[in-house]
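Two complexes are shown next, each including chain A; its partner changes from chain B in the first to chain C in the second.
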Partner chain A sequence: MFKLVWQNLIAHPIRSVLTAASVCIAILLLCLLRSIVTTLDAGIQASSAARLIVMSSVSLFVDMPISYQQRIATVEGVTTIGKWQWFGGVYQDPSNFFAQFAVDPEHMFDMYPECELDQASRERFLATRNGCIIGKQLADKFKWKAGDKIPLTGALFPHPDGGAWDFEVCGVYTSKAANFDDRTMMFQWKYFEETLRAGGQDPGVGVYIFRTAPGANVERIMSEVVAMFANGPMSVRCAPESEFQRMFISMMGDIPMLLGWIGTAVFVALLLGCVNTMLMAGREQIHDVGIFKALGFSNAAAFRILIAQSMILCTLGGIAGIGLTLALKPMIATAIAAMFPVFLVETSTLVLAVVLTIFLGVAAGMIPAWRASRLKPVDALRAGA
Partner chain B sequence: MTSMIRVRNVTKSYSRGGETLKVLNGLNLDMDEGRFYALMGPSGSGKTTLLNLVGGLDHPDSGELYVAGANLADIDGAELARWRADNVGFVFQGFNLIPVLTARENVELPLTLTGLSRAERRKHSEYALELVGLKDRMDHRPRQLSGGQEQRVAIARAIASDPKVLLADEPTGDLDRKSAEQVLDLLARLNQEFKKTILMVTHDPHAAARAQSIVNLEKGELGRIDHNVPPVAAPVR
Partner chain C sequence: MLIPLNYTLRSLFVRKAATLLSVFGIGVTVAIFAGVLALQQGFTTMFTGHGRTDVAVFLRPGATGETDSQFSRERGMKLIKSLSAIEQTPNGPLASMETYSGVLRKRVDGGEVNVAFRGVQPATFAIRGDEIRILEGRKFDPGADEVIVGRRLVGRMQDCAVGDVVVINTTPFRVVGIFDSDGPFVSEIWTDTERALAVLDSYGPNRVIARLVPGTDVKALGELLEKDKEAPAKVMTERDFLESQTKMLGGILLGLGMALAVIMGVGAAFTAINTMLSAIASRTNEIGILLATGFRPIPIFIAFMLETLLLCVLGGVAGCLLVLPINGIETGTMNGQTFTEVAFAFRVTPIVIGAAIFFSVLLGMVGGLWPALRACRMTPTEALRRT
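And then the complex of A and B:
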C-alpha cells in the first residue's frame, strides 16, 4: 500500500516537490520567527530579579547626571550600583559593529556574576586605565586576545584629540546566561570620563544598574528612587532588569505579536495551498478510488490512501524545514548578532514544528480523503470514466 | 445446479436533474453456479446497473439480491467491501488498471486484502499472469501494454484472489477483434477449467455467443433467455 501511495506522489513530481518545498519554507519561517521570539524571551527570563535599572524618564537615549549614583546608593536596600554608558565607537569600518559600554569595573563582576573572567584578567582590567574586556564571540570574530590594542573612532563621543580611542584588551570573558551578551566590549569608566573632561565635555550616564539586598522590598526601592529625582534635574524611571529588557524590545514595536501574526498568516496561507493541492490530487484519483473499492478495499482504506499522501508530502517538507532551520542557525545567529547576543532554536520550537507539520498533513488531506471514503464505488468509477 | 445469483423483485432508480429514472423494475432472475452468462439489451435497459448491484458496488432500492449466498441488500460498508474482496472479480471495459503500478503490482492489489504473505502474494500474482499469458510482461506499467494485454492483466487481477463470480462489463468493447477473441477465450477457459460463474455485459452478439446463456434485459425487466449456446473455448495464445 505504501508503494501505491508513493507512486501516486512521484507520478506528479513537480507538484509534489513544489508542495513539499512550500511546506519546507513555511516550517523554516515558522521556526525562525518563533526562535526570534524565544530568543527575546530568553533574555527576559534570564534577567535577575535582584537587578534594577534606572534610566531617564524621557528616553533611553537621554543621559542622567553622574551625581545620581551616590544618591541612589543611599536608598535603603541598594547594595551595589554601577554606571553604564553606550559608547557607539567604530572599529575600522561601520560594518564591524559591536556594542561597547563604559562601565564601573569595580562593580561589574558583583553586578553580573554571569560574566565569567579569570581573576588575573579582572585585576588587569581594574589596574589598566584604558583597559577593556571583550566577550568570547567578539574575540573570536576579530581574533583578539589579551594584550591587543583596539582603536575605536568615537561616533557619539569623539576623542578630544580628534584621533581614535585606544583600548587594551585585559581579558576575554564568557557568558553563562542568555541575557548577558558575549559579543560586547566593556571598558573603564574612568578613562571615558577623564578623556571627555579633558576635552571640556561633561559625560552623562546612560543607565544605572544596581543590586538589592536579599529580601529587600523592591517596590519600595523603585518608588524611592523615582521620587528622589521627581523634581529634576532629570526625572527617572526605575524598573527590574526583565522589565527593562521588555521595554528595550518594545522600542522596536510589539515584536512577538507581529511575528505571531506573520507566522499565523504564513501557516494559514500554506494550509490553504496544501488543501488545494490535495483536493486536486484527490479529484485525479477518484477513479482509482472506485477501482480500489471495486476490488474490495473499504472506505477506511480509501481514506488512508489519500491522507497518507498528504501526510508524506507534509512530513518530507516539515523535516526539510526543520533541517534547514538547524543548518541555517549559525548563519542567522551571525546575521542578527548586532541585535541579539544569541539565537536560540529551542526544542519546544522543533516540537511545535513537528506538531504543525502533522496537523498540516492531516488537515490538508482530510477533505479529499473524507470525500473519497464517502463515495459509492459505482459513483467513483463513473466520475473518473 | 445451485443458484449463484438470485435476484428477487429488485428495483433501482436514479435521480437525474430532479427527475427519477427507474432503471430496474422488479427484476427476477436466477443464475446457476459455474455458468457463463451474457447480459444483453439496448442502452438504458439496466445491464450495467444489474452488474453493479450483483457486484455489490451499488445497493438496490428494494428487493432481494443473493450472490454467493449473501443477501447484498442486508450488508453495507466494510462488510460489503470484504464480501466483494472474497467473492467477486471485476473486468471493466476501460480495463481500470492503476497506472502507477506494474502489471504484477496491479494483480497483487486485491491479494493485499487476503492476509497472504508477500511471497505468497507474489506467487499468486505471477500464476495469474501466467494464466493470462503475460508473465513476461509483469514488470510493465499499463501504458507500456497494448489494450488487449491490459485487459488480460485486468482479468488476472480479477481472478487473483480466486473469487466465485467474475463480472465483466463490456470487456471487449475497447479492443480490436483479435484482442477481443483472446479475452473471450480466456473468459471461456476460466469458466470451463476453473468453474467460475461469469456474468458478462455486452452489446456484441459475437461476444455473447461465447456464453452458455444469454439474458436479455428490456427497460429494466427480464426479456428472453437463450440457454445452451455451445461454449467456445480456445487455448490462450
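And then the complex of A and C:
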C-alpha cells in the first residue's frame, strides 16, 4: 500500500517537489516570524530579578545627575551600583549603527554574569584608559579584534578637540542569555567623564543599574529610591530589569503584532496552495481509485491512499523548512540585527511548526480523500476514461 | 495564427475550484506584500511629503538628528542674529529655537512609548502658518505650564484630552489644545521652549528652524556655516531633514517587504506552476487537437503563458482588494532614528497597487514559462494518443 502512495507521488515528480518546497518556504517564514516575537519575550524571561534599573521619570532622553550614584548606594539592601550612558557615536557612517555605552568597568562583570569574557581581557579592559569591550557579533561584522582601534565621531558627545574619540579593543565578549546582546560596545566611564570635563562639559547618567542583597525587600528599595528624588532636580523611576525590557518592547509599538498577522496570512496562503494541489492530484487519480475499488479495496483504503500522499508531501516540506530555519539562523540574525539584536529559535516554535505541518497535511488531503472514499467504482471508472 | 482569447478565458472558467483557489493563494501573497508596502508608504509620505523647502533646519555639526544635536542658548541666538538669509519681520527674524525630547507616556491599550516632546518659540507658529491648525481649545501661553497635543495622540495615549494634566519630571502641564498637521508633528506634544528647557534640566535647544529669504542657496549656506568659528552649524532644508529621519525605519520596512515578497513569491510561483502543469496534463488531448488543426507551437506557448498571467493578475487584483480595507488604519511604531513613536496610517497608494500588480505579473511570467514551454513542445500524435 505504501508503494502505491509512493508511486503516485513520483508519478508527478515536479508537482510533488514544488508542493513540498512551498510547504518548506511557509514553515521557514513562520518559524522566522515567530522567533522574532518569542525572542523579545525571552529577553524579559531571562532578565535577572536581582538587578534594578533607575532612570529619569521623563524618559531615556533625559539624564540624571552623577551625584545620584552615591545617594542610591546608601539605600539599605543595595549592594553594587554602576552607571550606564548611551554614547551614540558614529563609526564612519550612520548606517553602521551599533550601541555604545560608557560603563563603570569594575562592577560590569559582577553585575552581568551573562557577559562572558576571559580574565586576561577583563584585566586589560580595567587597565586601559580608552579601553573597550565589544560583542562577538559586532567583532565579526567589522572584523575587529583585541588591540584594534575604533574611532567614533561623537554625535551626541562631540570630542572637545573636534576630532573623533579613539577606543582600543581589549576583548570580545559573548552573551549567555537573551537579555544581553552581543553586538554592543562598552567602554570606561572614566575616560568618558574626564574627556568631557576637559572640554568644560558635565556628563549626566542615562541609567543606574544596581544589585540587591539576597533576601532584600525589593519593593521597599524601589519606593525608597523614587522617594529620594521625588522633588527633583530629576525625578526617577526604579524598576526591575524585566520591567525595563518590557518597556523597550512596548516602544516598538505594533510591529510585533503585525509580524504575527503576516505569519497567519502566510499560513492561509499556503493552506490554499496545498489544498489546490491535493485536489488536482485527487482528480487525476479518480480513475485509479475506481480500479482499486473494483479490485476490492475498501473505502477506508482509498481514503488512506490520498491522505497519505498529502501527509508525506507536507511532512517532507515541513522537515526541510525546519532544517532550513536552523541552517539559516546565523544569517538571519545578522540581517535583522539593527532592529532585533538578539535572535533565538525556541523549541516551542519548532514544535508548533511540526504541529502545523501535520495539520496542513490532514487539511489539504481531507477533501480529495473524502471524495475518493465515497466514489462508486462504476462512476470512477467512467469519469476517468 | 493566434489562439482566440476566448479559449484562455473559458479554460480558466471551466476549472472553477482550482482557479479560485489559485487566485486566492496568490491573492493573499500579493496582499501581504502590498500591506507591508502600504505601511512603508504611510510612514515615509508622512515625513517626506510635508517638509518645506523654504524652511531651514540648523543642527550642531556632526549631529544626525534632533536627538543628538544641542546648542547653548547663546550660540542659537548668535546664529539667528548673524544670518542675513533669515527672513525678517517687524517682530524680529522668522527663526525659532526648538527643543526635542521623548517623554514616556502610557498607551490607552497598555504599554508605554516615547512620545516626542517639542519646545517651540512663538516664531515657530509664524513660520508654520496654517501648517499647524488648532482643532480644539487654544495654543499654550508662552511661559505657562501648558501643552498642546497632536491629533494622532488623542485616543492612542492616556491623558491627551483638553483639560488633562501631563506630569513631566516634577512639573504638571495642563493640556489646553489639540492640533492637527499633515506632517510628523501630529504625533508630538508641544510646549514653550523655555518651559521645556527648565523642566528637562537642559542647557540649550536642540535645533533652530528659520524661514529663509526666497532664493537662498541652502547648500552654499551650509558650507559657509560648517566652517564658521563662532557658531558652526549643519544646515539643510526641512524636506531634506525629514527625509534623512526616515531612512532607518523606511529601509527596514522596505527590506521586510522585499524579503517577504521574494520568499513568498517563490511559494506563489510554485502554486502557479503546479496549477498550470495540472491544467496542461488534463488537456493534453486539447493541445493535440490544436496542434493537429494547424496551430503553431508559438501561439500555443502564448496561450498558456497568457492563461498563467491572467491567473496571477486575477490573484494580484484579489490581493489589492484584500489590502484596500487597511487603507487609513492607524498604527504606530518607534522610529529608530528619533527613538520616539510615530503614528501613521497604512496608505494604499497608486505606487502600492502598481507594485502589487507588477509583482503578480512577474509571478505569472516565472510561473507560466515552464508549463507553457512544455505545452508547446508536444507533438500532435503523442498528445492525441495520451488520454
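Here is the rule we use: the second predicted complex is superposed on the first by the 330 of 385 C-alpha atoms of A that agree within 3 Å, B and C clash if a C-alpha of one lies under 4 Å from a C-alpha of the other, contacts with A are read in each partner's own complex, and residues count from 1 in each chain.
Basically, contacts are C-beta pairs under 8 Å (C-beta built on N, C-alpha and C of every residue); 3 or more make two chains touch, one makes a residue touch a chain.
Computed from a predicted model, the values in this text were never measured in an experiment.
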Partner chain in contact with A:359 - chain B first, chain C second, else both or neither: neither
First (chain B), second (chain C), both or neither touched by A:291: first
Touching partner for A:1 - first (chain B), second (chain C), both, neither: first
Partner chain in contact with A:28 - chain B first, chain C second, else both or neither: second
Partner chain(s) touched by A:231 [first = chain B, second = chain C, both, neither]: second
First, second, both or neither for A:270, with chain B first and chain C second: second
Chain B versus chain C as contact partner of A:60, first or second or both or neither: second
Touched partner set for A:14, first chain B, second chain C, both or neither: second
Partner, of chain C and chain B, that touches more residues belonging to chain A: C
Residues of chain A that lie at the interface with chain B and also at the interface with chain C: 385
In the complex with chain A, residue positions of chain B that touch it: 52, 55, 57-58, 77-78, 81-86, 90, 92, 94, 96-101, 105, 109-110, 112-113, 157, 161
Complex contact set, residues of chain A against chain B: 1, 3-4, 7-8, 10-11, 287-288, 290-301, 376-378, 381, 385
Touching residues (chain side chain A, partner chain C) in the complex: 12, 14-15, 18-19, 21-22, 25-26, 28-29, 56-62, 88, 90, 94-95, 97, 153-156, 158, 230-235, 246-247, 249-255, 258, 262, 265-266, 268-270, 272-273, 275-277, 279-280, 283-284, 335, 338-339, 385
Residue numbers on chain C that touch chain A, as the complex places them: 17-18, 21-22, 24-26, 28-29, 31-32, 35-36, 39, 60-64, 67-68, 101-104, 107, 110-114, 168-170, 200-202, 247-248, 252, 259-260, 263-264, 266-268, 270-271, 273-275, 277-278, 281-282, 331-334, 336, 339, 341, 387
